[in-house]
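Below, each structure is written out as structure tokens.
Both of the next two complexes hold chain A, though its partner changes from chain B to chain C.
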Partner chain A sequence: MKSSEVRLDRLSKEYGRMVAVDEVSLAIEPGHMVALLGPSGCGKTTCLRMIAGLIRPTSGDVFVNDKRMTDVPVHRRNVGMLFQNYALFPHLTVEENIAFGLEMRGISKADAARKVSEALNLVQLSKFGKRYPAQLSGGQQQRVALGRALVIEPAMLLLDEPLGALDKGLRESMQVELRALQRRLGLTTVMVTHDQDEALTMADKIVVMRDGKLEQVGSATEIYQRPTSKFVAQFIGASNLFEGPIEQRNGNGAVIRVSPELSLQVDQLPPTTSDVMVSIRPEAIVVERAGQTPAAQRANSVTARVDQAVYRGFVSHYYLKTPSGGQIIVFEQNQSQQAGLRYAVGEEVVARWEAPSNHIIARH
Partner chain B sequence: MDERFSGFGAFILYTITAGMMLFILAPLLLVMAASVSDSYFVTFPPQGFTLKWYAKVLQDRDFLEAMRLSILLALGTTAGSLLLGVPAAFALVRGRFFGLAAIKGFLLSPLIFPALVTGLALLQVLTKLGSQDARLNLLIGHVVVTSPYVIRTVVTSLQLVDENLEDAARTLGANRLRTFWRVTLPQIASGVAAGGLFAFMVSFDNYPVTMWLANSEYSPVPLILMRQLVNVFDPSVPAMSTIIILMAMVGVLLLEKLVGLRRALAA
Partner chain C sequence: MTTSDDAVTVLTVEAPAVAQRRARWRMALPVGLLAVPMLAFLTYFFFYPAFILLFSSIQTQDSRGIIGRPFTLAHYARLINVELYARVLWTTLRISIITSALATVLAYPVALVMVRSRPMVTRIITLIVIAPLIVSVVVRGYGWQLVLQNGPKGMLNWILMTLHIVDAPISVLYTEVAVVIGSLHVFFPMMVLPLASALGKIDPNLEDAARMLGAPWWKVFLRVTLPLSMPGFVAGFTLVFSLTAGSFVIPAILGGASAVMLGNLIEQQIFVVYDWPFGAAIAVVLVGLVLAVNGFSMWLLEGRRLRRPE
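Right after this comes the complex of A and B.
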């Protein structure tokens, strides 16, 4: 299968006065998997459906291999699409479902039969060809849908929350499987999801959307480690966000004063002279018993009380309260022989972290 | 229903159900009984047993001619109301345009307007338009009163069809027409069949509209029946009625076998 380059150029969709998608421009490299990630109503599904041709953009264009596709009707675009509810034709058998796209292309019966059996092999459902969709489990149904989408050798694969209806274990194994298959086929893929784990697991590139606009585009590490906005910092994973004025500048960094008991040493040059917002991931923070570290006021360190503690198997979550009322979330990985939580509610602790963990958020 | 009713609730339920069945079916059974009565007038209880009234009816040129007309008219009406009603239902369910609710109300309005008034209004309009052919006028009139039934059943079954099925078909290379034939229509087949059956039956026994639009040359069954009833109320009238009842029953059973009518009507 050849890989296609997909490009969106200032793509917009308005419904009356409501702007669902607002001038989205995006280039997707051949063979890449891109995840459109965002809360419901952020325009990600509308975006995907415009790429498919199911929704006509108000303005802007979709290009595939530099060919303008905006006016090409959906049935001539040659896209493979997976839907959250599988959208299998209930009156057709598994084989007939998979053969549907071939039939629409006028492919001979013999060729179609061969391709259908190849597709069934590919999705490991060779024994289920004669069954009807209602006789299959959710996971099997989505495999049929995948086979049906792949058998037409699509120019790209579009996934609309494809695994959202499966339960957690199956979803995770399907994520890995789908990703492996997509890599092997080198098929350019756009996926819509509101599940950040799914996006982090599957995508080469994550596109975070909010209110119809692109919020941030980048690899999983870029998005997670260097969020450019408060929204991204909070939407992807958990974040401790602190805000305060610059107390002093030193070398290539600065000291930010958050509260009387907490100051932050950042290694980046703050962009403005006004208040600076800093995010710290909960797993970057180390908790120690009070008294073990010198009481001297240091940057990136604060004395706090354990407000809530949650044991979650491989990790414990601690919610700390600083004397001035600020909250700090800490994720601490548990050791295999550890007997439950290391700190009790009410206990006084010191939370500290390294300066590189302080990340300045450009947009509040 | 998975849970069986039991106790006093079940007793009440079964009693009411039996009462309703009796209320609906008893008159039909009376008519059927009267049709085999060996007497010159309709009497109850029937006297003796004879099939001579059926023999008489089946040799009655007027009745046979009316049957032929009514069946052709009902078939034409069914086709006409399906051709208008299915696309209309499609637009009502899938469309997103200004005035949708108003149009839906308008299309379903013949269900609530008195048919007598609709018939008279149609007669006036068709006369003004210079339409002289009673058969054409009847067809138009019947389509007007039956298409709401088609629209209603098809709207109901279309609402249950997952729109993603159509989107999936289109991404797989089917244009809108092929999507409709290959994907949507099989999903709404029972609704279409139920609507068609309604259209056929409503057309077949429609009196109030037919009365205005028919003429002496083209008189469908309900008019012939009425005329016979007024002239000589002999058991040939129940015999005709029985033939119609049996036809309706066969139609319903056939559709139930073919497309699962029960499912469509329950929706």
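Right after this comes the complex of A and C.
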């Protein structure tokens, strides 16, 4: 299958005075999987449907391999799509569903039959060809939808929350499977999801959207480790956010004073603004019993009291309160032989972390 | 039926599951009682007369007008063998089928617009479709009589001649065409509403999926929308067919002598000729016809339903 390059050029959609998508520009490399991620109402689905051609943009264009697609009707675009509710034709068998796109392309019965059986093999449903969608489980139905979308050899694949209706275990195995298949076929794919785990698991590139605009575009590690805005830091994973003035500049970094008991040593060149926002991921923080470390105050370290503790299997979540009332969230991985929580509620502890874990947020 | 005292003693010894089922049955009983008044009404005023009707149709009426033995099928034979009567039967079938077919063709676009538009538009169209039901069929029949009147003074003819579409007035009133037009107007909502209901149940994603797989709009309609709206079509067709076949007022006012339908023939036999057994036989045939169409459509719908699950 030939990989296509997809480009969105200042794509916008307005409904009356409501702007659903606001000048979104994005280049998608051939064979890449891109996830549009954001809370509901951020415009990600509208964006996907504009790429599909199901919604006409108010302004802006969609290019596939530098060919302008904006005025090409949906049925001539050759784009495959998976819907959250599968959208299988209930009155047609699995085979007939998969053959639908081939039939629309006027492919001969014999060729179509061969391609349908190949597609059924690809999605591991060879034995289910004669069944009706209602006779299949949710996971099987989405496989049929995948087969139906792939059999037309689409220029790209669009996924609209494709696994949202499946239960957790099945969803995770389908994520891995779908990703492997997409890589093998080298199929340029755009996925819409509100599930950050899904985006992190599946996408080469994550596009975080907010209020119709692009908030941040980057790989999973970039988005997770170097969020550029407070919104991204909080939306992807959990973050401890601290804010304070620059106390002192040293070398390529600075010391930021958050509260009387907490100062942060950052290794990044701080911006010129007076107040700096810093995010620290909860898993970067180490908790120790108070008294084990010298009482002398150091940067990136604070004495706090355990306010809440939650045991969650392979991790424990601790919610700490600093003397000045700030909250710190810590995720600690549990050891296999560990008996429950390591720290009790009310216990006095010291939380500390390394300077590279401090990440300056450019936009508050 | 056990008395409540018996039931209590039985309950104490029975297994919990049985006791539970029995308790549910005791709960359901008063609900069932609610249907009794209507059932009694229908039994006395509908099933009993229907039985008498069926019974009279196979009996003989003597010269004094008394209906009794011997039993005979002569009335049915007469309906089929006498050309005049057989023609009425065919006219009825023809008018009903044409009306239902035209209603289907006209109702699909209306139902589609009703389902796919913004709520405000949907409400207005629904109102327009339903509004004629408020006006009595008789009034609407006379209204159509004025519109379709033969001769240059009829509204339709006046319009056609003013626009120079025809040179001489055409004759529509007192033909089958007039009956079809009138029936179409009266029974149109019975086609639109079930169709709209069926179309409304179709997941819009299915049509989007079909378009994305390469189907132009008309193929989307033929391969997805139409087959999935079949339950609504069958229900609507059956309703319009049954109502048209059984209609009396519209053919009486708009059909005149040249488009007599079974309903008018029955009226004639009962009130003019006083041949009750023959009138009864016609009525039985009419009911049989409608039941057959209903049975066939039920079979169609059942068949579709049975094909899907295991």
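Here, the second predicted complex is superposed on the first by the 363 of 364 C-alpha atoms of A that agree within 3 Å, B and C clash if a C-alpha of one lies under 4 Å from a C-alpha of the other, contacts with A are read in each partner's own complex, and residues count from 1 in each chain.
Everything that follows uses one rule, which is that contacts are C-beta pairs under 8 Å (C-beta built on N, C-alpha and C of every residue); 3 or more make two chains touch, one makes a residue touch a chain.
Keep in mind that what you see is a predicted model, and the values were worked out from it rather than measured.
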Combined model on chain A where chain B meets chain C, clash or fit: clash
Touched partner set for A:100, first chain B, second chain C, both or neither: both
Kindly classify A:75 by the partners it touches after superposition: chain B alone (first), chain C alone (second), both, or neither? both
Touch check for A:306: first (chain B), second (chain C), both, or neither? neither
In the superposed arrangement, which partner chain does A:89 touch: chain B (first), chain C (second), both, or neither? both
Could you tell me if A:360 is touching chain B, chain C, both of them or neither one (first, second, both, neither)? neither
With the two structures laid over each other on chain A, which partner does A:134 touch: chain B (first), chain C (second), both, or neither? second
One more residue to check, A:146. First (chain B), second (chain C), both or neither? neither
Residues of chain A at both interfaces, chain B in one complex, chain C in the other: 52-54, 73-81, 83, 85, 87-91, 100-101, 104-105, 148-149, 152
Residues of chain C that touch chain A when the two form their complex: 203, 205-206, 208-216, 219, 223-224, 227-228, 304, 307-310
Per the contact definition, I'd like the list of chain A residues that touch chain B in the complex. 49, 52-54, 73-81, 83, 85, 87-91, 100-101, 104-105, 145, 148-149, 152, 158
Inside the complex, what are the residues of chain B that reach chain A? 162, 164-165, 167-175, 178, 182-183, 186-187
Help me check something: in the complex, which residues belonging to chain A touch chain C? 52-54, 73-81, 83, 85, 87-91, 100-101, 104-105, 132, 134-135, 148-149, 152
